[in-house]
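Next come two complexes built around subunit A: one with subunit B, the other with subunit C.
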Partner chain A sequence: MRKKNKWISIFLLPGVSIFIFVFMLSILMLVGTSFANWTIGSKITFAGFSNYSTLFTEDPAFIKSMMNTGIWIALQATIHIAIGVLLALLLAKQKWYTSFVRTAFFIPNIISSAALGMLFLSILNPQFGLVNNVMTKLLGEPFVQNWFMDPKTSFFSVTMTWLPYAGLVTILVMAEMASIPKEVYEAASIDGATSMQTDLFVVLPMMKNIIGTATILAATSMLQKLDIIMMTTGGGPGVRTMNMPMYLYRTALTDNNYGLANAQGVILIFLGLLTLITIRKIFKMDQED
Partner chain B sequence: MINGVKKVATFLFIFIIVAISVVPFLWVLMASFKGNGDIMSSVAGFPNGLRFSNYQTAFKLAPLVTFYKNSVIVSLLSTALNLIVFSMAAYVVVRCRFRFKKPIIIAFSLALIIPGAALLQPLYNTLTRTHLYDTLTGLIIVYAGLGMPTTFYIMMSYFKTIPYTLEEAAYIDGAGFFRTFVQIILPLARPAFATAGVLQFLFCWNEFQFALTLTGDKMNRTLPIALYYFKSSFASDYGAMFAATVLVTIPSIIIYMLMQKQIISGLVSGSVKG
Partner chain C sequence: MKLNWKKCIASTLLVFLATGLAACTADANESASTGAKGNQTPVEISYATFMVGSHVSAEAEKQIIDEFNEAYEGKIKVVIEELPSDEAYVNKMKALAASKALPDVAIGKQGIRELAIKNGQAVDLMPLLEADPEWKEYIGAGAISYNQADDGKLYSIANAKQLIGYFYNKDMFETAGIQPAKTWDEFMANNEKLKAAGFTPLAMMTGENAWTTNLWLAAMIGTDGEAGHSFMNTTHPESYENASMIQALSMIQTCLQEYTTSDAVGAMYANAANNFLQEKTALIANGPWMVPDFSDTSKAKAGLADRVGVALYPNDGIVAQYEVGYILCSNGKSEEEQAAALEFLKFKTGKRAQEIFLDKSGALPLTANVEISETYKTANPLVAELITISGDAKYGFENIDNTAFSSVVSEFSLNYPDLAYGEITPEEMAAKLTAAVAKSK
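And now, the complex of A and B:
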């Protein structure tokens, strides 16, 4: 038995070490220094809640970044899920194009978001971009729109770089639908339900948990969106497309205000938890299992 | 009548979905073969044959060979480290009883919900203090850690499906704990390793924000950072920029096409458990 205990320790040690190095140290540091004044080169001094009060009372850019993040979470949790679920329902009827569409739709999820940002930067480019060019041909007169830099369109343009790509939702829902027994569909059709009624009143309610999970993933992914914003607008023009990760990056690695940045990190984690709990409540996910 | 409308709507919806997924990539792929003049004048047109000059320029403008090499090294080694370390942990957690089992499972699953951006500054600080900042080793360890929750869950759920009698038989035959793991469990768990491995590899290959934050020197950066480079420094050479985008994207797409089944089953099991 002692020998087995030795092996247990040996097997756990590397994993736990990496976990401590990457997560535990980070989170301790994050929470600790969020209550400190700490800028580059300066000594760390205790500051109480001053970082938090600065963020919420004297920092309009942070408030804006929170609002944008909130709007994007809401969009992601509704439109994204709607697109993903609708496509899953359509593809579940197994047509000849099912696997092609599923594969194609997932491609944007599989490539680097830096590359995705670059793709959008190119197709929305004011000089040689595909969109402006097609618009010019359709209208018959020069169509000029600097999509990412014009304050009127920048928010919309950034949103378009991820909102349509609900491939993960589609895959999760399709996987869950595959486990519905045939008898369920047969029973519904015997009862005289049309295929749309079956989808709405039989299939969807059975998908409640997986749609909840997908909503959590979609919503919390908005607390991670940094790369594509860095590639496209950097949060600008002004702070129009600023979100929390981008603002945190700027505070930490451009302004080198580590204390303030880490207070933002704590708020970010807190919002993640809040989103998770709220969505679980909405979908009543904690009542089962 | 209503049926017809439904058919048209379905077709349109699916057409748009496929178009927005594929057109941006195909367009950049085409543009990467065009001359700079063509890029401006025939925006939607096909390129005249396959000219690789943009790719040559891309390799000249940025140290793409180094970036490529770094990406391959980091992705492969980090995937190996991640799989070895967390398959061992997952095995012990599934098969053994010990005191800190619950806390370990809880701590590992909490890691899943930590937004990456929150970890940027702390990890930057840790790596600076341990002299791992701006090294590939630092990136490899950080990626292995960040990919932990997914690997851990995939391995755990797979190990649970392996009947314990196989291990019992091995013990009776005199194999020790370690030998049983290596000779009985590892070969059986190959599908799980494939799934977790592909996901981890793609994650490392595509990762941007930690690569940008935790490395500084040109010689230690990975491929996605090359794009940031082109965006800021060589913004006028669009052809080269397109070529670089294609170079970053193609490996992910090829791996996806080859390993689709593993990727999907991994994503499904990973997210449902999470």
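And now, the complex of A and C:
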């Protein structure tokens, strides 16, 4: 037994070391320096809660970035997941188009975000973009819309670069559905359940945990979303499409205010934990079926 | 016989480990022996640049580095980090400055020089210039005093003088029946006439550092009497809430709404340049480094070079400035590395580099010591004309990139869309710019 414990310790050591030296120490430093005045080249001095109070009382741009991040988390956790699950249920019927749709729908998930940003910049370009050209053909008169920069459409346009592409959710749910025994479907059929009733009352409840996991992945991805925003709007017009990662990036690299940026980082981590706990509670993921 | 898998795996891992260690030791021995043989390995120095890819100065930059590497072959090797845009470059350098890891030689624009001074990497170049009279002669008193601090220290050196007016399409002007405007009222009237003649007047962009748009803005402010002129020659102004700025923002608002392309708001420099080069617009504010593009048929319409004219801004203004230029960040390095980095800086800012930049990208040399030959002037009439008309300028001023904090420059690109769509007033935008100043302190 003692020999076994020794091997367990040896095998755990690399993982634990990486966690301590890469993640834990970084997080401790992040939290510590969030209570400091820290700009490049200047001495780090203790600032108490002033960075936090500045963010919440004197920085409307940060509040806006928090609100935008919150809205995008909510949209991902609802509409994005609904699209992914609905498609999984449809594709599970194994029609002739299943394989094509599954592959096509997953393509946006395998393209890098930066490339996707460039793609949307071209598609929505006001001068030569596909969307404006199609609209011009349909309307029979010049249609000019600056989708990313018009304050009326910028938030919608940025949201559309990620919201509908729920290929990952579809794949996860379909993988879990494959593990449902045929007998379950047969029993539902014998009891007279229609296909939709089977999906709603038999399949979906059995998918609870995987849908919860997919929701966590989709929602928390909004806490990391930086590249597409950087490629398309940079957070503008004004701060209409600014999210927390983008604002943190600007605070650190444009303003060189690392103390303030790290306070934002701490709030971002806190928001991530809050999102995680809330979703786990909603899906009752910590309870046995 | 029963195979003992544990032993097999352990033995295999041991063999790999031993091979790896042996290889490392061999490498170390090899480097040590090379050193002992008498420094056959060239001293490596690092340099970062954004003048790559389709950048107008990419060709000149490559030639300078190639010539340096050739001249110092076996002694010094420049390891280049290429960054694809100005913004990517500035952000990367700032991140490196935070960890005192700036390259040995870098371009100190948009606050990078100040960060290098703060973190202790920047070298005072004044004693080095004094020790090399020939180098000092090619830099010239103007460029030195432009970058010299009040205490006499010099932390950056430019390699070109900037004269920036605007280019216009002569054919479009002729069709619209107009001449380059002498006043800003005439400028707006010209825009209207161009529009009436079926042309889009201005090639503008508000993405990145809003370069072409901010050149017009700087010109509108810099030629607005003594107050505006003085403001555009003030480094890091505390407030942007003044009459000249508000009036200029109001004119820019009209230009963005009425006289530019539909993609201008949010566009990159490449979009604006392309619109002018493809004759979709009649005017673009830009420096002489754009001139080679006019005759490059892979970028411009054939024969465009013959149809382009250059002019001073209305009220006889011109952007006339030196760049922040290059910083030497070799403090704390070995003597060998410091000397090598200095050699590269001298080459990068010296006579030969100024000649290459003039020839390949139309950048004007720092002093008359680098002669602009008659042959060059004949081959590059637009550059020659710009130099000639610059003598008639009543107002010389800097551009926004040179005078503003980087937080303010980024505030411009964030707020121009709101200004263009009438979501904020010029007064509100000026207040936002003032607020951004505080972020850089």
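Here, the second predicted complex is superposed on the first by the 264 of 289 C-alpha atoms of A that agree within 3 Å, B and C clash if a C-alpha of one lies under 4 Å from a C-alpha of the other, contacts with A are read in each partner's own complex, and residues count from 1 in each chain.
By our rule, contacts are C-beta pairs under 8 Å (C-beta built on N, C-alpha and C of every residue); 3 or more make two chains touch, one makes a residue touch a chain.
Computed from a prediction, not measured in an experiment: that's the story for all the values here.
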**Study point:** Combined model on subunit A where subunit B meets subunit C, clash or fit
**Key:** clash
Exercise for review: With both structures superposed, pick whichever of subunit B and subunit C touches the larger number of subunit A residues.
Suggested key: B
Exercise for review: Look at A:127 in the shared chain and tell me whether it touches subunit B only, subunit C only, both, or neither; answer first, second, both or neither.
Suggested key: both
Check your understanding: Taking the superposition as given, does A:156 touch the first partner, subunit B, the second, subunit C, both, or neither?
Key -> neither
Practice item. Answer with first, second, both or neither: which of subunit B and subunit C does A:201 touch in the superposed model? Key: neither
Exercise for review: Kindly classify A:146 by the partners it touches after superposition: subunit B alone (first), subunit C alone (second), both, or neither?
Suggested key: second
Check your understanding: Is A:22 in contact with subunit B, with subunit C, with both, or with neither (first, second, both, neither)?
Key -> first
Point to revise | Which superposed partner A:248 touches (first subunit B, second subunit C, both, neither) | key: first
Review point. Which partner does A:237 contact after superposing on A: first (subunit B), second (subunit C), both, neither?
Key: second
Check your understanding: After lining up the shared chain so the two structures overlap, which partner does A:40 touch, if you call subunit B first and subunit C second: first, second, both or neither?
Key -> second
Exercise for review: Mind working out whether A:112 is in touch with subunit B, subunit C, both or neither, as first, second, both or neither?
Suggested key: first
Review point. Of the listed segments of subunit C (77-85, 257-265 or 275-283), which one clashes with subunit B in the superposed model?
Key: 77-85
Revision key, fill the gap. The intersection of the subunit A residues contacting subunit B with those contacting subunit C is 127, 253, 258
**Study point:** subunit A residues within the subunit C interface of the complex
**Key:** 40-42, 125-127, 144, 146, 148-152, 154, 233-239, 250, 253-258
Review point. In the complex formed with subunit B, which residues of subunit A make contact?
Key: 3-5, 7-8, 11-12, 14-16, 18-19, 21-27, 29-30, 83, 86-87, 90, 97, 100-101, 103-108, 110-115, 117-123, 127-130, 133-134, 164-165, 167-168, 171-172, 175, 210, 213-214, 217, 220, 223-224, 226-227, 230-231, 244-245, 248-249, 252-253, 258, 261-262, 264-266, 268-269, 272-273, 276
Review point. Taking the complex as given, what residues does subunit C use to touch subunit A?
Key: 91, 94-95, 97-98, 111, 115, 117-120, 206-207, 261-263, 265-266, 406-407, 410, 413-415, 417-418, 420-421, 423-424, 439-440
Review point. Considering the complex alone, what residue numbers of subunit B touch subunit A?
Key: 10, 13-14, 17-18, 20-25, 27-28, 31, 39-40, 43-44, 81, 84-86, 88-89, 91-92, 96, 98, 104, 107-108, 111, 113-126, 141-142, 144-146, 148, 152, 176-178, 181, 202, 205-209, 212-213, 223-225, 227-228, 230-231, 238, 241-242, 245, 248-249, 252-253, 256-257, 260, 263-264, 267-268, 271-272, 274
